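Report on one structure; see the data block that follows.
Labels run A, B, C and D following the written order; every chain starts at residue 1.
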């Protein structure tokens, strides 16, 4: 079909998101009185779902798939729509939908929610662009397009010191990282003389004196990626940002924004700096990722194990999961058949993670909506009053810990399998150790919800409201987390196909 | 005509059904299900007689009846082996069991005991297990029923579970015998591993295979290339462990005196015909194997002789009626072991038979006395019961004369033959001779404590109110006593070897001919076959067989009479007094049973200490490591989280340092800075 | 399809019970759990497998659908039964209804959740014993942890949270170790396997399909994988020194959960050891025969000694389970018909007997609210029937002939004593057998102190006989134990048939 | 003309100056300016090497970067504003409520 429709329609998922955001902004500016939280949440949700359905349709129809004429390149090769792009666009769209729906209840008494919805949608647009970016220039622009709204979103509660502090730290670290990233790009440009991935790749094969320059540039690009994915050593913003930001924003950042960082990484490092060529030039970025992955997962999980606040624990756990996903890049080896498997597993993990982690943060959002505290003790005995939500939370926790019968089990174990297949036993072993630790702190949440008794009999009286939209989002995420186990086949197939297209 | 052997399973199953009936419906039946038990044992008794008659008719039976586990490696089966030995044993067991059931009507029902269904269920199962053991055609089946017998003894000894004493005695009985059975079980497993079968009789039986292997015409597995004979000795000794436990031989005899906590009829059953007899019967059953290993035989003989003397000495100082009988039991089984060890297969079975009757008699008599004395067992509170309860007295006297080995009572003949065998075979076997000497020394001691008991109980003046006016006993007590009493007198005549030898009368050694398959039996299970296998040659004193017989008999009889006389002098007076003081220091040792119980208690406590140590180690070290790992990880987590200082400038610094570190690593790795 | 129906129904039943009102959740759960039992009996009646499912024997009720394809390996829904798994399936479906019945008295809060989780666990256990694809098996294997965590953590004793987390994390760590070890093995098999189906993997290993993989030679790979998987399963079994989670879990868990924990969950470990280590890597197993036999013996004796030191009835039974599992390991490592078969039989026998013991102790506990040996005496006086069965069960545990325990243990002993595959077999066997004396020691003295003698227990209420629905399951279990003890061949025959290929799989120079 | 390496060095120098500022200054605005400096260091590379390679991509991208930097500053100023409202200071080391 993509031959029938004009090529630009391939970008329609991104366009849909952007247009929805603009529309909200317009309505909000022209008729400030007409706006209602519900209607705008509805509109933005519809926009996100529309883009999701289009994406899914494309995937089913095989747009950009090798069978249908391969990837569609636009704008002089600066943009490229392929399975990888669609796969991640699907993640972004679904997370966005969940987040905006949840936000409806979260911001029920906020004076100006409109800004939130449009900012979210703009950030989502930027992610969608990241997914299709085929030039370092587009990558940087799209990255900023994701970052700038995110800063604002984190600091969205202007009167809340936590939110502001989080916003500041996120912004400062982010600005620094993007500067580093940009300088890295400039060095690569200096070394290769192009920004289009394909041309960069061919230039990398013939680097001579400038190998060092390109190497430094690549490492700096690694840094930029590490910032987006909240990986060591660019992770410092994450605990504070996730903790201080409004919970839906934390969900959005920790799921979608992280995935955005990974799509960049996957594409740039496979298409612009192919492993073989880079190694020939003495630039072993896989080693860099291996180190980063190892440190990241260990730091994230061990720090998460000793947190008192659930939200901050989730923040660290999300750092740990970044470490897992990085295995997808770290465990690559030149010309190995296992590459597709491991990178595909990483993608699948990010998809599943999109649901289970978003769900977890949305549960925290619900807790904040109820106005109960943030620590494990405050969550004690919640299951008595909110069994459904708590069951969903238990599902998220066990799935994050990688236990069946939930999707997190498959994605995590396939990731380890991939690492083992490529001979990275030590990485898989480290991952195993970490997931044991993670089992400990995830089960702490379940223990608080189901096993512990409330501190005071009146502790649970705060649960007076039933935030419907939040419930809907959480339950949907939970159902998705469960159903993705039996339905894992298509997911992993799509992911491996997408990965295969990169090598 | 119908074949008696087809009913062999019924012999075993009838008491088992009485067990089921008593257990299930006992409380709805009259007498707590007693009649069921009586009927069942009576039935088994009649069937046994029929089976014995059939054997006498010249036939034998050795069939596999049920396959327990049909592996290719081994076939584990149940079956029945009916030869003269088992037929004889069947009759003894069923008869004694029947009489005990009847006696129980008087001892338990008339005394208004509670929990009678449990009691009769126990008796039924006990009898059934013993019968199953008797007919067993292979070692595994024998072991199984051997263990079941142990279970029943536990249940019956601990019958009065509401009191503190019986449960602990029951535990001790089971534990000590279990300890012996451990070796037995290892032996069974070893027999399977060695021969691939555990059948007692027939071509493929393990004694036959062992014989062949020793003859060099067969090949068997031995561990680590061990010599065949050595290995057989080891196996024999392992199985012997079970025998020593069940037959209460030194050093595993300590459970038996405690077992007196059980109801007296149970004691009669345990000691006369079932549990304790099982050990000796087992050796007799697989004698074809033991006969092959002289060392084992010597050990058996020595243990037997030692136990005979050792237990007898302890019997001398006991005050309770049943205690004396308990030690006499240990001692008498010592004689049987001595006989078996000395190659006196027939003598052992003979003594087993006579002892079954007169010991059952003595226990039931004691039971009758205990009824009369309102369950006071202290002999020093009795006296003068002779006039009050004549039937009990005269039967008890018969039993005592038999036990003391006084001519012409049953015990005399059997004990005399035991000692004779030990003597003639022991003259050139030092170890065996040692056994003989100790056995001989035990004779006067036995006579002494037996008649000390008789005189203290029945003679002299009543020493307590109850003794002056004892409670009368009914037919169901006197009946069994009469039967057993007459048996105690006449059983000896089934095997008057000495008379035959001295007077040259042919054919009055019925038991010899019976066990020699003269009327019928299974090849390889006959006494002369065992004699051929046996390592012993006979030696005689005084030139020839007859003098040896006479001398042996005269010596033992003389010693017995001496012992009796001493007891007469000391205790057959109006108001006897304790003479134990004369023993001096030995007295305490004897009272405390040579401190063997203390030793075992000490061992038990030490074991518990070791266990406590293990527990501490487990909780402290092993579990400590497990918990340690988790606390260490949490500690690490606490260190890691401190990196997040909250100061954004420090974040920038660490970020930069991290980036530089990456640059250095890759740069050095990739050699950019060259 | 029948197996899918069995597992699916159990999952469904769990869901239904979960949503049922607390009031009659117990009855409903019992009624529903009877269905899988009937189903397994039907399976038994129609069972037609020959040989071992992994070594090319015919698989009963086989059914296979491709599920996921990853890294050139297909993961499929692949279930089936052979002579080793069927008895365990029957055991599971038999124990669960009884456990549910025994829960009626003690469980008095959130019943619907409790029974729902029990059934959920049963479904996963059935999955573990029927799955023939590694990944499917691993899914069920891990899924068992979740209900167990809640069952111990919510309805357990005072230190339930500690016990639950310990069990949860410890066993999961072990599973991960095992996973990595086994995965490396499968990848070292290279192209000789196209799926993770256990039979295919076994075949490939037997055909020497191992290649040098990232510089690891085949022999080394097999040995490493063996050690990793063995350690992983050893925690589940548990074998000394990986056993310390067990007593805590048992003591804290409510009675019915202990029943399943001891009765079935421990068997997962031994079952996995048999399937993976001893069937797939027999040569490594026999190469390590001496150390394995050593830890088996240590487990037996050390576990028994620990049991001897305990004062809590449940702890006693828990440690004696450690001891009994030692027999199973010994039986497996000797590679003889009676050894391996007896080990499998002992899994079932011990499942029944330990289940009975925990249940009976639980019934006593319901009345006394204490399990401490010192706190009570002469219970036989007040609850004769329960105590009678408890005593019978204890003798079963001591290996009394004509009860299932003796059959299992004797098979193992007789199989082990002369085993050519294990050097010094007679010594090891004799040492292990001494366990039967120690077990008699601690069980008899515990019973003497608590059940017999003059009645003594400080309560402000009257203690009477236990209700029928508490005693009935005890009686049923006892009957089953005796039946298996008198006629072991009803299971042992098919077990032998499935065990022989394992025995023949090992190449021993006799 | 000036050889390319010099531009590289210049850019690197400016980048390091910016980085130094980031690491040493606690004032949010200085922080912001330093980041600007770093970005412009990158721009120097882009412009210089677009001249060196003779294609316009670099220069065009430089323009993009300038625009983005402006946007970033806008957001940054906004955040610094609320920072001042909530903490009464624009010292970035003041807000340390969330840590560990």
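Keep this in mind: contacts are C-beta pairs under 8 Å (C-beta built on N, C-alpha and C of every residue); 3 or more make two chains touch, one makes a residue touch a chain.
Chain-to-protein mapping (UniProt): A = NADH-quinone oxidoreductase subunit N; B = NADH-quinone oxidoreductase subunit L; C = NuoM family protein; D = NADH-quinone oxidoreductase subunit NuoK.
Quick caveat, the model's predicted, so the values are computed rather than measured.
Trainee: Taking contact as defined at the start, I'd like the list of chains shared as neighbours by chain A and chain D.
Mentor: B
Trainee: In terms of C-beta pairs in contact, which of B-C and A-C ranks higher?
Mentor: Of B-C and A-C, it is B-C that has more C-beta pairs in contact.
Trainee: When the centre of a chain is set as the mean of its C-alpha atoms, what distance in Å lies between chain B and chain C (NuoM family protein)?
Mentor: Here chain B and chain C (NuoM family protein) have centroids separated by 37 Å.
Trainee: How many angstrom lie between the centres of chain A and chain C (NuoM family protein), each centre taken as the mean Cα position?
Mentor: Each chain reduced to its C-alpha mean, chain A and chain C (NuoM family protein) end up 42 Å apart.
Trainee: What is the distance, in whole Å, between the centres of chain B and chain D, each centre taken as the mean of its C-alpha atoms?
Mentor: The separation of the two C-alpha centroids amounts to 98 Å.
Trainee: What whole-Å value do you get for the distance between chain A and chain B if each is reduced to the mean of its CA atoms?
Mentor: 78
Trainee: List, in ascending order, every residue of chain C (NuoM family protein) touching at least 2 other chains.
Mentor: 169
Trainee: So which bits of chain B are touching at least two other chains?
Mentor: Only 630, 641, 644, 646, 648, 652 qualify.
Trainee: Tell me, which residues of chain A touch at least two other chains?
Mentor: Only 168-169, 172, 176, 180, 239-240, 440 qualify.
Trainee: Which part of chain C (NuoM family protein) faces chain A closely enough to touch in the complex?
Mentor: That would be residues 67-72, 135, 138-140, 142-143, 145-146, 149-150, 153-154, 160-161, 164-165, 168-169, 172-173, 176-177, 179-180, 183-184, 187, 213-214 of chain C (NuoM family protein).
Trainee: Under the definition above, what is the set of chain A residues touching chain B in their complex?
Mentor: So the residues of chain A in touch with chain B come to 168-169, 172-173, 176-177, 180, 211-212, 215-216, 219-220, 222-223, 232-234, 236-237, 239-240, 281-285, 287-288, 291-292, 298-299, 302-307, 316, 437, 440.
Trainee: For a test of understanding, state which residues of chain C (NuoM family protein) touch chain B in their complex under the given definition.
Mentor: Touching chain B: residues 166, 169-170, 240-241, 243-245, 302, 305-306, 308-310, 336-338, 341, 378, 380-381, 395, 398, 400-402, 406-407, 410-411, 413-415, 417-418, 424-426, 429-430, 433-434, 436-437, 440-441, 444-445, 447-448, 451-455, 487-489, 492-493, 496, 500 of chain C (NuoM family protein).
Trainee: Sort out for me which residues of chain D touch chain A in the complex.
Mentor: 4, 8, 11, 15, 18, 22, 28, 31-32, 35, 38-39, 41-46, 48-49, 52-53, 55, 57-58, 60-61, 64-65, 68, 71-72, 75-76, 78-80, 82-83, 85-87, 92, 95-99
Trainee: Quick check on the complex: what are the chain B residues that touch chain A?
Mentor: 630, 633-634, 636-638, 640-641, 643-644, 646, 648, 651-652, 654-655, 657-659, 661-663, 665-667, 669-673
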